[in-house]
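Everything below concerns the one structure shown next.
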Amino acid sequence: MGKTASAVVGAPIEGRSPSRMAWDRLKNDRTAKISAITVGFIFLLALAAPIFTWIIHTTPDQFHPETLDPTFGTNPVGKLGGISSQHWFGVEPRTGRDVFLRFAYGARTSLSIALSATALATIIGVLVGLISGFFGKTVDLVLTRTMEIILAFPSILFALAITPVLENALEGWGVPTGNATRIPVMIVVLSMFGWPYIARIVRGQVISLREKEFVEAARSIGASRTHLVFKEILPNLWAPILVTVALNIPTMITSEAALTFLGAGVIDPTSDWGAMLLASVPFYSVDPTYTFIPGFGLFILVLAFNLLGDSVRDALDPRSSR
Amino acid sequence: MLKYTLRRIVSGTLVLGIVSAIVFSIFYILPSDPARLACGKSCTPDLVARIQVALELDQSLPVQYGRFIKGIFVGRTYLANTDAARECGAPCLGYSYQTDQPVTLLLMDRLPATLSIAVGASILWLLIGLSSGILSALRRGTWIDRTSQGFALAAASLQIYFVGLILQFIFVDKLAWLPMPGYTSPFDYPLDWAKQMVLPWVTLAFLLSAIYSRLTRSGMIETMGEDFVRTARAKGLSSRDINIKHVLRAAMTPIVTVFGLDLGSLLGGAVITEYVFNIPGLGKLATEAVTNLDLPVVTGTVLFAAFFIITANIVVDLLYSVLDPKVRLS
Amino acid sequence: MSAFLEVKNLSVVFPTDDGRVQAVDSLSFSVEKGKTLGIVGESGSGKSVTSLAILGLQKGTRAEVTGEIWVDGKEIVSATESEVRKLRGKAMSMIFQDALAALHPYYTVGHQIAEAYLVHNNVSKKQAFARAIEMLDRVGIPEPQKRVNDYPHQFSGGMRQRAMIAMALSCNPSLLIADEPTTALDVTVQAQILELLRDLQKEFGTAIILITHDLGVVAETADDILLMYAGKQIEYGTVRDVLQVPQHPYAWGLLTSIPRLTGDPNLPLTAIQGAPPSMISVPSGCAFHPRCNYVEKADVCATRVPELVAIESGKSHSVRCHMDSELRQRIFSTQVKPQL
Amino acid sequence: MSLKKKAIAVVGAAALASATLLSVNAASAATTTFTTPVAPIKGAVKGGTVTILAQGDFEHLDPARNYVGGTLDFYRLFTRTLTQYRTVNGKTDLVPDVAADLGTTKDGGKTWTFKLRTNLKYEDGNKITCADMKYGVMRSYNDDILDGGPTYAKDFLANPTDYKGAYTEPGKDLPSVICSPKGDAITFKLAIPVPYFPYVTTFGAFSPIQKAKDTKQNYELRPISSGPYKIESYSRGKELVLVRNSQWDPKTDPVRWNYPDEYHVIMGADQNVIEQSLISDSGNAKTSVSFDTNIITNLSKVLNVAKYKDRLFNFDSAYNRYYAINVDTVKDLNVRKAIQCAVDFKSILLAAGGTSAGSYANSTIPKSIKAAYRNFNVCGRDVSKKPEAQIDQAKAFLAKATNPKTTLRLAYRDRGVEPLRAAALEQSLKAAGFTVIMDKYPSSDFYAPAAKRGAANEPDIIQTSWAFDWAAASGIVYALFDARTMTPEDAKSNQSRGDFADLQKLFAKADTSATAAQEKILGDIEQSLIVDKAAHVSVYFETSHYMAGSKVGGLQVDGGYSTLSVLGAYVKK
């Protein structure tokens, strides 16, 4: 990319394609770079989590009773929640489990759930938005009403409430409970409330594109509806979809953490940032480090994603900035 | 206008009807054993059997739902003609067997706490959010703008449960300036009430004002670029008049919308805030009901929250039509 | 006595991420009371920026304004915002292009007119409102007592433009800048509005700057013409001079592209080739040279910016072109004039 | 023998119940009488409101259904029973309450007669009669409707007519409870000799209930008071307000004081919030105390800190946390011994809060039951000195096993720190070479399914606990280890499913032995079950740390219920 970009210097600005312009803007955006590096770093941490188990010689689930005050199991030995050369982020009260490893593995869980939910919500949202916007009439009416109804649900409350009920139903059909069920249920529940936002944006774009000349032209030469939707309209939507996805990821991360924090999320011993925060609540006063680490991690991750999303939006639609 | 109001109310009621049907179906049909779920943790086989009868699980779904809806309007008696008969007056949203009380009563019981959080916090976040947003927009590009928007961006990425715990650690545990958050009736102990509410208000306002600050700023800046603002300047209006009468007035409309919706969903239960600060509001009721699998209360809280959201939607639409003559007069 | 409005060496530069954009470059002109100056140019040529500069509306933005603008003996460029504010609406006011966007959607037309009047006159709200009705009546709005309470979106396009004019004239300004006041309107309404402006000018002796891309409108209404291209004035003079003996190839192009009722109907219309330049990358030298059919000294046209030179000493008619006047005259009389 | 039945009934409530006689004088106290009014507490003043912070609502306030430590103490403020515990200056005695003496028996404990006080009144002004006492017993037979309580009355009383309860058979009489013609004495005929029967009559089934005012399962919403306070309002899950009962006469009461004007019970705060509120001691918390909140997470901030010394109450609870090893499924003794050695006492207790929250125990019989307690080693070491898992020994035992079973199913409840304790065990079992299937049960539905024998997912190890109702091995060993309590389908509270011929012989011998000898035999049984059979691992006894606000006085640890008693509470001026 760097080579071609340097070749462009001096050429008239009009010569660049919109996506190239967006990319160039993004590349010159310092905030975007820093936040992308931060996000990348956390991804790397998540991916490399198993490597750390090998370096530290323990696992995220391994108890370390020797790191706890024998009188008060709630207090790790040492300052700042038991931070030491062996336990970089300290240890968990009561168990002595390594907080750094739980943090790294927690990033895995949090990110994979949030990203899966975003992906699912995007697929549904784009499909529904396309269909609704392109076909209009009754189909549109039914779909927009559906979105309206979904948005009328108190999402966190409902997600919280439906998780045990869904699990109970699945249990009734012979599906065992546990994280193998809980995580897919969470992904479904999260995306259920995420897709209407995407669908609404796609729908709006499709409606404005539907009447554009190139679509009319394709229609006039007898292109099929599928062709029109997927070959003519969809390729013109990547910018708004990208922006929506970029801004949706942090929302999903926080929703996932909130759900877990409220107790309808990932089940121990599987680690998750929301679950770590939940587990830290009783100890916030005796061991604030343990609260601070997942909370701060979540803050940094969400902030980085938010900034990155803003930058992507600004790059793709410069008028929206400043 | 009247016609529009009526139409909005009718369509809102319709949405609420659909939502209630969905909620009802999900919570009473989906689970493999709704009676067991409704019965909760300290359950006896005898109680399960009684709840099975009380929930009329032998009836068809439309009949069950019909009776549920009827109960909302005229009330109903669960386990009529038995020793364990339970009266549930209108509007009856079901009966909690775990607490042995009608759900409506439980909801009303918890409403004041949620109301306290919502009203106090919303005043605070509007004050902070709007003033910092306006200041940012007017002092665009200066250090004031950069600082306040930096804060806003950071705050918008923070979580209530994280900030709440940190603030509690600082102000309750370390400095001991505030008592543990909780709820006391403002009519009995107004001072205690306020002191205990400070943290929930501040935490919620801190995070939400960030959104309002960003929203106000971008709305103001966008409006400042509008032709009619240029016209106002060309007329020779003072910048104060322009900013207040022309810019803010136009930028306010979308904020009113967002505010209405935020307040609506908050009134349905500030779930996380109440959970973190242990405030016995609707959100806490819901989380408790979920943990105890008290199905009637779960259903009730979800429906009640949906009611607030839908009402807020209607109010916002009506308010919008008051604020925007284009909507009002079309 | 000097002219009511005198602009000397006005330049406006916008710093952007992609570089500095010279929107207006060393503009000089003047307008007397009761006279009309037409500023003509393609979109992006700097017409509107010029008008905003006169009203001092770029103060407090990133735009860098240099030169001098004298309005009724007061200098605008160096004046403070509050000094200029006192002039706006009273000594000078402006009619904007898109009246729907230029009127506040949430206030009634009457309120907006009264507001303008209230700022500069020590009157009651009631009196200001009466003034609004009076002005609406003056600009030809039927049933002004009733319509004064309407919102802009309830007016038709022509009525909105009239309301704008009413607002602009409510304080009897000495200078009125009309930025494409008729562009969005259909032809009959257009004529009515121009007629209205003329009548009001007669009545109040207002100096008018009429900004347009339509030479026909200028021919009908203006006394002087300022032709702009890429932020520079390329020809300036009285209507008679500029329309009858245009000097700049761009003026020729403009004039020959207008269909005429007189003359040889078989002559083809000639459009100016190419597209107006982007303000981000203005061509070097004479900005018009890539589109000019008469580039004689190619290296000079492409590298050096031509000076503004008077056609005849003592007259205001001036042009910015590298061609010498003899050559210009020859080309005009042999190639251009027959097409007119 | 009928103790079996009792054990079953206790199963469901064992974790909730916490009634112990740790410091109560032994059954011989029955011969002494304490009928005089209780002496005033030094420095106590009348007036004010004592607030009780509770995490949740009372399970039951109906006397017959009450089986929870804190509530058992609290409900005495408005409920008098036949006999009752009284604690003065840290010493707890059994005293007659509605009764006028501690009961007499002439046949070694099979028939008990109690004299009654005849001058007692309910809050409504009605006299408390012997018939009311009898009705209270009769309605407790309907434990289908009045569920949740101890079933001692039903278990111990002779029932030749197969009486089913006052609600089921309204017209029928219970002949084993007899009122004297004058109504000044009540006699109980038991199915077996129960020498400690006067302790049993401290439970709520032996409290007076007016038949006309019995609202069955709704009675607990508004029980009629016979004590110094009465219920003014009760909003379930939210608040209970007690005000003075003017009909109560302090001269007739050897147990209760009545210092505050009102008691307010505020329900619904979380564990941590109550801990923090009480520690911070601001506002309302100054006059507050909690009877269901053990200071756990913030203990390190307050224990042994001078500032809190006067308002932090530390005492041993009756709870023993233990693991039952299922001998039905883990048949090889060496595998069981391997499990026993693999139990990491240290990390399990740490998960519960460390040595401040409990003390290591080799036995479920506490040291305080001197007649039965044995100081034996588990897995060859003194667990209080070497609490860490003995992994090498565990591996050695596992290697010796002829029928090695290396995959173990561990059953535990999803409640509080129990999953963490289970996880701690899982780790050390894994280290010893086992594969562990973690089988989490819902908090509400644990004891019965875990006790199901021959089920598909029958657990190999059950993480559970026991709190005895009176301080004797008879209150522990019969319930937990007697094979006769089991059926082929249901292990009941014998979660280890032990049925060893040699031990059953000892049980038969214990049945017919006198108290002291019986206790000794029961101690032998437990030791054998742990050391020889490796079917049981006791891990620790819980330590309670209760806190009160700085303005609450008169609180003391009640030996009867092993809890912080609010009976003598007063608001300091």
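Order as written gives the chain letters A, B, C and D; numbering starts at 1 within each chain.
The working rule: contacts are C-beta pairs under 8 Å (C-beta built on N, C-alpha and C of every residue); 3 or more make two chains touch, one makes a residue touch a chain.
In this text the structure is predicted, and so the values were computed from the model without any measurement.
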{"item": "Chain whose Cα centroid lies at the greatest distance from that of chain B", "value": "C"}
{"item": "Comparison of B-C and A-B (more C-beta pairs in contact)", "value": "A-B"}
{"item": "Rounded Å distance between chain A and chain B, as computed from the means of their C-alpha atoms", "value": "24"}
{"item": "Centre-of-Cα separation between chain C and chain B, whole angstrom", "value": "54"}
{"item": "Between chain A and chain D, centroid-to-centroid distance (C-alpha), Å", "value": "49"}
{"item": "Chain C-chain D separation of Cα centroids, rounded to whole Å", "value": "95"}
{"item": "Numbers and ranges of chain B residues touching at least 2 other chains", "value": "173"}
{"item": "Where chain D touches two or more other chains, by residue", "value": "272, 276"}
{"item": "Residues of chain D touching chain A in the complex", "value": "271-272, 276, 296-301, 303, 344, 346-347, 349-357, 388, 417, 419-420, 423-424, 427"}
{"item": "Residues on chain D engaged by chain B in the complex (per definition of touch)", "value": "57, 59, 144-145, 147-148, 216-217, 221, 235-238, 268-270, 272-273, 276-277, 280, 282-285, 442-445"}
{"item": "Chain A residues touching chain B - in the complex, by the definition given at the top", "value": "148-149, 152-154, 156-158, 160-166, 168-169, 171-173, 250, 254, 257-258, 261-264, 277, 280-281, 284-285, 288, 291-292, 295-296, 298-299, 302-303, 306-307, 322"}
{"item": "Residue numbers on chain B that touch chain A, as the complex places them", "value": "15-16, 18-19, 22-23, 26-27, 30-33, 37, 153-154, 156-159, 161-162, 165-166, 168-169, 173, 221, 265, 268-269, 271-272, 275-276, 283, 286-287, 289-291, 293, 295, 298, 301-302, 305-306, 308-310, 313"}
{"item": "Interface residues, chain B side, partner chain C - complex", "value": "226-228, 230-239, 246, 249-250, 323-326, 329"}
